[in-house]
């Protein structure tokens, strides 16, 4: 695979942004592979993602020269290199379908990342971690409460240089303190079509309400429960013939797909979030 | 088209229900065209829909003989005849897409009903009514308030022997008194994937929340706003590229489809509702 | 609505294309509203669509200055102005659902075009044309055969300065000669998920084959039957309970949606076609 | 889980079939849990599936008493017991996604079967088989050609009393002789929306054709390639932005879902096939 750089920009909209960025890249001989931009006219914001090949391109020089331009244009920006592999931790509890799916996809080469760490409050996930040769840490909430458990989790995450945390049906609510340490770095899957059925037991509530479609949502975690920017959603049709357990079973397939898409897009640096929304460049 | 009878049953589940009903029909020589049943194991309920050809079948005798059996088995039931055409009224306000769609489908033979009556609180719907040759009544909320308007509506509905009221984006909230007169006889379309975005301006709220799918829901109207039994739902994928007006435009296609399916199923006597749910036999 | 210009480009891929185009626009003070580009790496092709506001922008000067640049870069390009309204003709036969849908959408303001002309080989479409106040021409294949009918059609199309022909379930196969006069200007809807069930009676064949989804396809018409670049496709789930007439009825909703999307995208100059494919900028 | 019996019937349609079957079950005290029937009016066929609890029900007596009734009504029928666990073999080649998915679902309790046997013409699938503790047989086409390989496969299948063979992206075409030994007992997944792109390399051909949806199909294997009765199909939307490898990656998720649904339905004895079609009771 080719070495590439990816520039992600989020800034107030104004004339000439595309011309400025593409001009700078062209002058330095960049061979652009993908480029996409988006304007939120209502919010007056501009978003851009450009990816180019690095052969013969000095990315450090570009970074230095781009910084003052970006500052002048009030850009939030980051420059990612495809050669820097994301380090991802998975958190899981007793339901293993999303977890097993992520591990399988990783092994099959679908997820371009390293997984140095699996953390669970249950023992059930250990066997698969061992099969895949990934260190498994069982951290239960002990005498020192959730604070103590989170302290040990944070030590592990920081010790392993983790860039991305994926909650693969992890059934503990993370504290605000934990969440605020990892902004836009925690992806969760919720087993409903958010904002319908925020909170616990969404399938039960969907069943009681008599909906004709069930859904699943992957989103960044923020300090407000189930309220972070939505990355992906999908639904499946159900009918009166589906009992509660059918909803749960059909929902598992949705959860897998919706979570793995979000992870894949995050690893390809295709998501920009702002307010309660995301731009997902495809 | 063949003359048929349709028997709809809703009762506590117990052994022998199918045998009893199908046995009675067989003994009387009924030629069954469709039959379907459903059990809600959790609620302990049994639902059945049977349709049979009427050639040489005395439906009045059957009705008389079935009544005591049904009473003993604590059945709620009704017997519909395909020869009795449903009389449907449409209520509409300024958005005409669902209304125009229903009128077109009616003319094209997709909706097996008569439409003796269109009621609107706006003049905009009049031209299409006239093109289709259907009496149009503009009833605005006048000096006597909503009560007066509803009184005039009820007079029209009762005067024309209306069986079914379809709210095709009718933007007035009906009073409890009005709703309670027409149980399971008012179908509404809500422009969201209920129960997400209950109430007003759902597309605005979906846009602000940053969802990746928008939906639409058709449901029976009950006294609690947007809470009646759901008949049909569908969704469309959107992306960050869709502005609010795109959501509204894409949503219109959903609303048309979701409402017209509900109406068609109701006219074919395929919907049974119980609690906040429906069984839709397909 | 704002006056805008839309530049559509299709050319061999090379470095600096975005920089060149966006630079030229920026220098002339263009306020870009939408921009999107795409590279087909396999085919080595680059596609771009840019839309900008015209206040204070001299589009004729730009056109003159852009032409030599485009020639040097071997671009196929065109510059469309939102102020130039597309003139669209509808061809229809006996099935009126797509036709009625397009007329309704036009009236409701969803389709930004003029419809100076409806052509049919059947009388059934006349009433709706008259309701909408659009001239209706019934052209049947007479003694002079298809050639004669097409000659009269072409006279009408040319006489009215038609830019776009929409075949709304028009059941006659157009001759190669006719098709070749209107490249990328004839949109058809085929009632199958092409390339499954190419040709006649696709619902019958889908029913016989026992598929679990039926589809519909809108595409540009080329000289090979049902083989032109696909613009849009969609599907609906069916089950064994659906008889042939159910497929036809469910399919009608697909046809309407799939055709109207293609027309809307064409009117917004969002489609670029190459080989047997399309790029649809969204 | 409750012990149940499942009766599956396929016969010429006539009056009284439901009454006869449900009457016989009622007289013997059966507590029916699910019942569904279907009529193909065009083909004049009747299909039924009934499931009832076995407590206090003598299934052997019923079988004996039902046989002459069924013969008289020219029924094809079978009686399955939930206590008799299906024995399923998986065939796999180098693409492991469907295979890994089935093994995971089996372990998670979603597939009610035993898997005594995995057969592959590649070594790559061995590690997962060993992790799951399932005997793995690598059978390559050797000096004795496909006939020899199939002979060894048949010995294994018969030796292990296999009821169901699942081709989880098995890339060898089975001989007519092999197929005819296992009627309605071999389920395959084809990576297209059949009958589009029958045969090899469907994603390549879908990419070249420029379709806007890709699909996947699970079906029973018959002697004509990719022509057996379709059990399930699903599609995913793609756009011009998707390159060939994106189609392949998105398609993998479809294949997994479409194959696993077919397997689950087969294990629940919910599929009846006739001609080139299936009835799938839900």
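To keep things simple, chains are lettered A, B, C and D as they appear, and every chain counts its residues starting from 1.
The criterion applied here is as follows: a contact is a pair of C-beta atoms (placed from the backbone, for glycine too) under 8 Å apart; a residue touches a chain by one contact, two chains touch by 3 or more.
Please read all numbers here as calculations on a predicted model, not as lab measurements.
**Q** Would you say C-D or A-D is joined by more C-beta pairs in contact?
**A** C-D
**Q** Just going by residue numbers, which of B-D, A-C or C-D has an interface where over half the contact pairs are the same as at A-B?
**A** Checking each pair in B-D, A-C or C-D, only one repeats A-B, namely C-D.
**Q** Let me have the rounded angstrom distance from the C-alpha centre of chain A over to the C-alpha centre of chain D, please.
**A** 36
**Q** For chain C and chain D, what's the span in angstrom between their mean Cα positions?
**A** 41
**Q** Do you know which chain A residues sit against two or more other chains?
**A** In chain A, 41, 239, 241, 282 touch at least two other chains.
**Q** Give the list of chain A residues in touch with chain D in this complex.
**A** Result: residues 96-97, 100-101, 104, 108, 110, 131, 239, 241, 249, 253, 257, 282 of chain A touch chain D.
**Q** Which chain D residues qualify as touching chain C in the complex?
**A** It is residues 38, 40-42, 193-197, 208-213, 215, 229-235, 239-241, 243-244, 275-280, 282 of chain D that touch chain C.
**Q** Using the touch rule from the top, collect the residues of chain A that touch chain C in their complex.
**A** Chain A residues touching chain C: 15-16, 18-20, 22-23, 25-27, 29-37, 39, 41, 237.
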